[in-house]
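Same chain, two partners: chain A is paired with chain B first, then with chain C.
Then we have the complex of A and B:
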């Protein structure tokens, strides 16, 4: 197992490195524009271009970039995005991370129990009307695009009924845990949750129905357990084997957030910086955020795979044929 | 039946005469099947039609495709027809004025707004009821026709002016109205209001209309020295006039404007634009998924069939490609190629670059499953070339899954395309082309005031997604032979 984990981690780094190289080459083929802010010394920008080698050949630029990256985790300076010019990219981006994680964390906290609950309920009522209703709702929730859900919520709950703000409250003014802030993220959290509740429900139902029809369930009933006992102690536990890794994956991807929901509800998160970096063509920020998304994907994939082995020792990762 | 003890007979010495052919004068045939043979596709069809949900989804899908393909025929507008006068008109049908889908909106407004709407003929007759008095202002509740724009000041060339005069005489419809005399007031706030041709009556300082004893507004028509109403003054050779825009529009275009789904911020017809946006989405979805399937089949077939080093190298390549988030690729290609190639080819290329990987791995699995089977060996022994074995003998096993994944890929592409154009990462708005995402983004700004702008594209794309997913799931079940007979 240990050997396998190390191998996977190394592979992850290699993949990440190759992707980073490709992205860097593609992005740096376009010139890095460095506007001169009025309050900066005249030679500041010139020195900066020299230090980062923006006018050197591509491979030299990459060498400078790699040196900076591995020695001081320097991803370059944000040239246009993030308000003030020439702050480190990492600072511009990471200070937006809390807002994204805040909203996504709420969404996960409500969608996991609801999703699992509905899925279990549907599986226990398989092919009865409750199950039919739930599967229709799941179908609709998975199909209808997130922005439509967001618009509906925004229109009815903030414009028509006026219950909630239609944009997220400024945390600099109201803090993170005031009622003002929390109530203003209820709608974005709901629109994020519909899809993932549906996903969890569908997956849980599929897994649990499969376990419920397996032979050890018949054995459990035959040895005298009631249906409830058998379901809780045998079926649920076994159906969690594939669901638990899914939850881990969800937890890691809370950092990546949703571009659409952040845009519609004005959440100052990672997604908003990403959009901004595209619109103003700030390639340093774009490269960092791209790699950020790639890294989240890689780490999530790795942890999901590894967690299968931890949850169910029968699943042996790697190793030989035996 | 009698039991014959073999020991009683000597079978070793039966003479030829003792033997008799049992069915001497008949030909023997296999009995013909009384039922018709059911092939793979026929079987899939039978199971698909049994699933009510997916049949309904297929019908809805057909209707939506027909809407995208044939919809513009029913509308006189082009996607590029703009008219700033008619921005944000509400949806209106041919069914006349009955309060539903007729381009009217119910409004509760104070006196001054009511008289303004009344003055420009926009209040629907018989819909007015007096409301409460709030802060000294009488409120009225009434329906207002969003297609009626009232009067405007305009600058007509002599030819246009002649045409208007001629039209007035022929049809007996008044288009030209007297110009306004604002000399009665020196209040600048009121004078500003009189730049609007609809304020043809006296206003007080709070911009409420001044009413006479009968409760009517007092017109301020411009009169010449002899007391005649003035209808124009010369501006060079041109005529400066005040015209009833609604009638003038009918005179020029032959009929009043009508938008089935309302109009947007530039007075463009949402119905026509939705048809074109849907066309673009559907075509893009189908093309992308076809290309991806073909690429995936070729890649996966080579991987799976040849195996070994080829497989190892090709798998590593797709392993790396699959880790790049598609959002980043799509963005990068837009930044790069949109200006030189145009946004659609750039979008297509980005979709195609990693979209085939799922199909490829599915095809690869199929090849690993079937390539060692005896029938493939038999084909090889009979001299079949690699290409024949791949496409004729192994690939048909996967045809069901391939069709299903092709169909299920389309809604994904449409969703991504509309998301990207909604976020303005992709700009598909050019010429007669538009995208549902762009329309949604335009509607987002006026969600509170004019929800109809966003409603129709949102409804369309939601139904499209649901129908595609239901249809795809139905197909998947239908093509899955292991589900045969499970339902009942």
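Then we have the complex of A and C:
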């Protein structure tokens, strides 16, 4: 197991490095619009790009970048994206991450219990009207895009009814944990949660339904366990094997921003910075955020794989000799 | 009861203490009402460092928290403007008569501008500064602040974006440019139409690194052509299969020949009239091979730079050579301009300010490559206000809060701020990208203004709270009129060369019902037949509109008479038929044949529906006018999306595009540059540096190229600049060029852009009618119908209705 984990971690770094190299080359091949004032001197752009190091061949640029990264963990400075000219990209991005995590964390906190609860309930009431209603709601929640939900929630609950703020409250003014701030994120949290709740519900229902019809469940009942005891101790535990990794993945995804929802509800999160970095060709911000998400994906993949062994001890990793 | 009394007494005492702590200039007490103006913007400022800001989003904080040496304000009747001292203690004093020859040489005053015997004018200006001006923390602002900040904005090691405000233009400081570029690499360019800065000589080398750039931004650089031919990603293409021909690139073969040096013996070849075309072809083949072939078309005419050395470094305040700004008293600076300038231009240029707070500026230095940059102006604690308001809260992508700066001198000086000005105590700016969210918040009373889109105008256009704000931009349809290029672009049975027929283009002009266009497709725009609308000011001292002068009126009279909508379908009908007859009977290769269809490609920026609707409008307009002519059912406009459509058109890669130009309201003369400079204009086929125009000036016919006419009017030393020619002469030239351009119909003006917005019941603007330059007056003149508390109370008992 230990060897397997080490091997996976090493492979993770190799994969990350390859992806980083590809991203660096691809983004730098896209021509950047160097900010050019009117009446520029003829060599303004040339000198500016020279100063930025853009005049060097790509491999030289990459070498300079790697040197800074591995010796000082220097990802460079933001130039245009992120609302902070010449600020280290790490600082720019880390400043934006809390708002994204804040909203996503709330979303997960409500999505998991509601999704699991609805899924279990639907499985237990399989093919009854309760199951049908839940299935229809799940289909609607999955089918309607998140931004449509966001617009509708904002229109009805903020504009028509006036129950909630249109925009997330400014944390510089109200702090993170004031009622003003918490209440202002209810709508974006709901917008983000619909899809997750639907996903958990559908998955849990499917898994639990399958387990409930297994032979060992009949055996458990035959041994004298009540339906509730058999469901909780045997069915639920077995059905969690594929669901648990999904929860881990969801937790890790709290750091990924939802551009549309963030824009609609004025959440100063990471989503808009990423898009902006591509639009304005802010090489450093783009690369940092891309690698940030790549790292999340790689770590999530590793944790999910490892989690199987913890959830179900019968699953073993590493492919060692029998 | 006693407890309440004690508590009240404590609170009163506390309030008094707090007030006392607010500073000596505080005029407001805690009982005073708050008047907050709440607005929204869609973009976040990236920096509000006065040396580095770029966009209008960047400038929003500075617009409230800084003050110029001079300021535009309403005149007494609020129907015009005047420019008054703000950070300056008085008018600038022209002391050019004291300018000595040695001084002129040291401070970079142009030889033409210096006159012996104390006869120089408009080049040496003394400015007295207000002694009570200070930063928001009370630190005084004196002459040292101005000189230090000017040195920083021009510092060569910083290469600040806004350095150009002081090294170029009509009020450029002497030697400012030399200081700015001092020590930097020096390049020359060698593309057609571009002028070398190397004594007029141009050179080319296969082996020296080059920098390829468009005027609007660099695209590719760092390699010599040799690098690409031999060692880089496209070497195979250059060596074996150039542009899919199966042959090596001609430039590659030329390089191999060794005629122009070798890699071990590189040579610079002087570009002459004999070899220029050949060299340009080599450069273009580089574009074709290195960039995507479609994309590269738009790079024709780009500039190719090569390194020719380094600019000489100079000291900011050297004994022999210095930048034209000098501290001449604790609160006085003297400015030397490179060229002669008028007092108005001088004040206008210094209506924005460049000062920065030294300690904060330097504490936030950071190294970017070989440049020193600063993060000044990226956070509340990295910035210092000194204008009527100060920045008090900023959260990226969220809010900007600005409050009254009690240390601003103007609040204590009735000569600066009158009784009814600056009622607004706070400005709350939210960053909200979605216009629909902004509109909902406005309708709920949470914002005090909101811009309207076309669809919103249908709902709120009749509201008493709607305001229309024109701007200087004119949107036009621009034609490709180059016969050869159109022949190249057309195919069998599909003609394009009819676009070169002036009657066809004029017919298009008359076929457009511009009023209808504006009403159905725009919000707040108005029909226009010429490139400049009423906002452009011809006489800066009186505020007289260019369109209101006899010359300005004459252009419209000559062009359309009293049909200011420019719509006459019968005239268009006749002209279309005439164009058809002329083209069909032409003998020129590629001319229209009777069986041909006319396919006009209209390139647009993106696939937004508005472009479909606009093009549909043009198609229907043409269809209506050609009905019954031989062109009926033969003309088709085809939309193509091209994000680089401006560049594409500059290379002749489209038949029609939308173009929009606008300029400084106070300088209509400068706008000619956009139509007469081949590197900027979009009317492919027009040769402004070759085609001439004769204008009768004071009884004498003067002939120049269009380009030379625009240069002659230019503020920085042109033959007919404001400092050298009278107003009537300048107007005569401006109107003659404008009319001549319009009568060529290479572009067809459609609408003058404008914005429509709703203003909340909480606030009133300074004037009801839009005033050129001043607009509605801005925050200075806002008056409030409700304080913040009153507005909250009003909202709790009333439903807002902005449809009435």
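By definition in this document, the second predicted complex is superposed on the first by the 293 of 322 C-alpha atoms of A that agree within 3 Å, B and C clash if a C-alpha of one lies under 4 Å from a C-alpha of the other, contacts with A are read in each partner's own complex, and residues count from 1 in each chain.
FYI, a residue touches a chain if its C-beta (ideal position, glycine included) is under 8 Å from a C-beta of that chain, and two chains touch if they have at least 3 such contacts.
These numbers were taken from a predicted model, which means no experiment stands behind them.
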> Regarding the shared-chain residue A:189, is it in contact with chain B (first), chain C (second), both, or neither?
Replying inline: neither
> Is A:279 contacted by the first partner chain B, the second partner chain C, both or neither?
Replying inline: first
> Now for A:23: first (chain B), second (chain C), both, or neither, which partner does it touch?
Replying inline: first
>> Per the contact definition in the header, classify A:154: touching chain B only (first), chain C only (second), both, or neither.
In response: both
>> Looking at A:259, would you say it contacts chain B, chain C, both, or neither? Reply first, second, both or neither.
In response: first
>> Looking at A:53, would you say it contacts chain B, chain C, both, or neither? Reply first, second, both or neither.
In response: second
>> Quick one: is A:142 in contact with chain B, with chain C, with both, or with neither? Answer first, second, both or neither.
In response: first
> When the two structures are overlaid on chain A, which partner does A:162 contact: first (chain B), second (chain C), both, or neither?
Replying inline: second
> Taking the superposition as given, does A:87 touch the first partner, chain B, the second, chain C, both, or neither?
Replying inline: second
> Looking at chain A, does chain B or chain C touch a larger number of its residues?
Replying inline: C
> Which positions of chain A sit in both the chain B and the chain C interface?
Replying inline: 151, 154-155, 159, 166, 263-264
> Which part of chain A faces chain C closely enough to touch in the complex?
Replying inline: 31-57, 77, 79-80, 82-87, 95-96, 151, 154-155, 158-159, 162, 166-168, 170-173, 263-264, 266, 268-269, 272-273
> chain A touches which residues of chain C in the complex?
Replying inline: 44-47, 49, 52, 54, 159, 161-164, 167-169, 177, 180-181, 184-189, 197, 209, 211, 213, 215-223, 303, 305, 366, 368-371, 373-375, 378-379, 393-399, 401, 430-434, 436-437, 440-441, 443-444, 446
> Which of the residues in chain B end up touching chain A in this complex?
Replying inline: 319-320, 323-325, 327-328, 331-332, 335-336, 411, 415, 418-419, 422-425, 440, 444, 447-448, 451, 454, 458, 461-462, 465-466, 468-470
> Across the complex, what residues on chain A touch chain B?
Replying inline: 15-16, 18-19, 22-23, 26-27, 30, 139-140, 142-145, 147-148, 151-152, 154-155, 159, 166, 259-260, 263-264, 275, 278-279, 281, 286, 290, 293-294, 297-298, 301
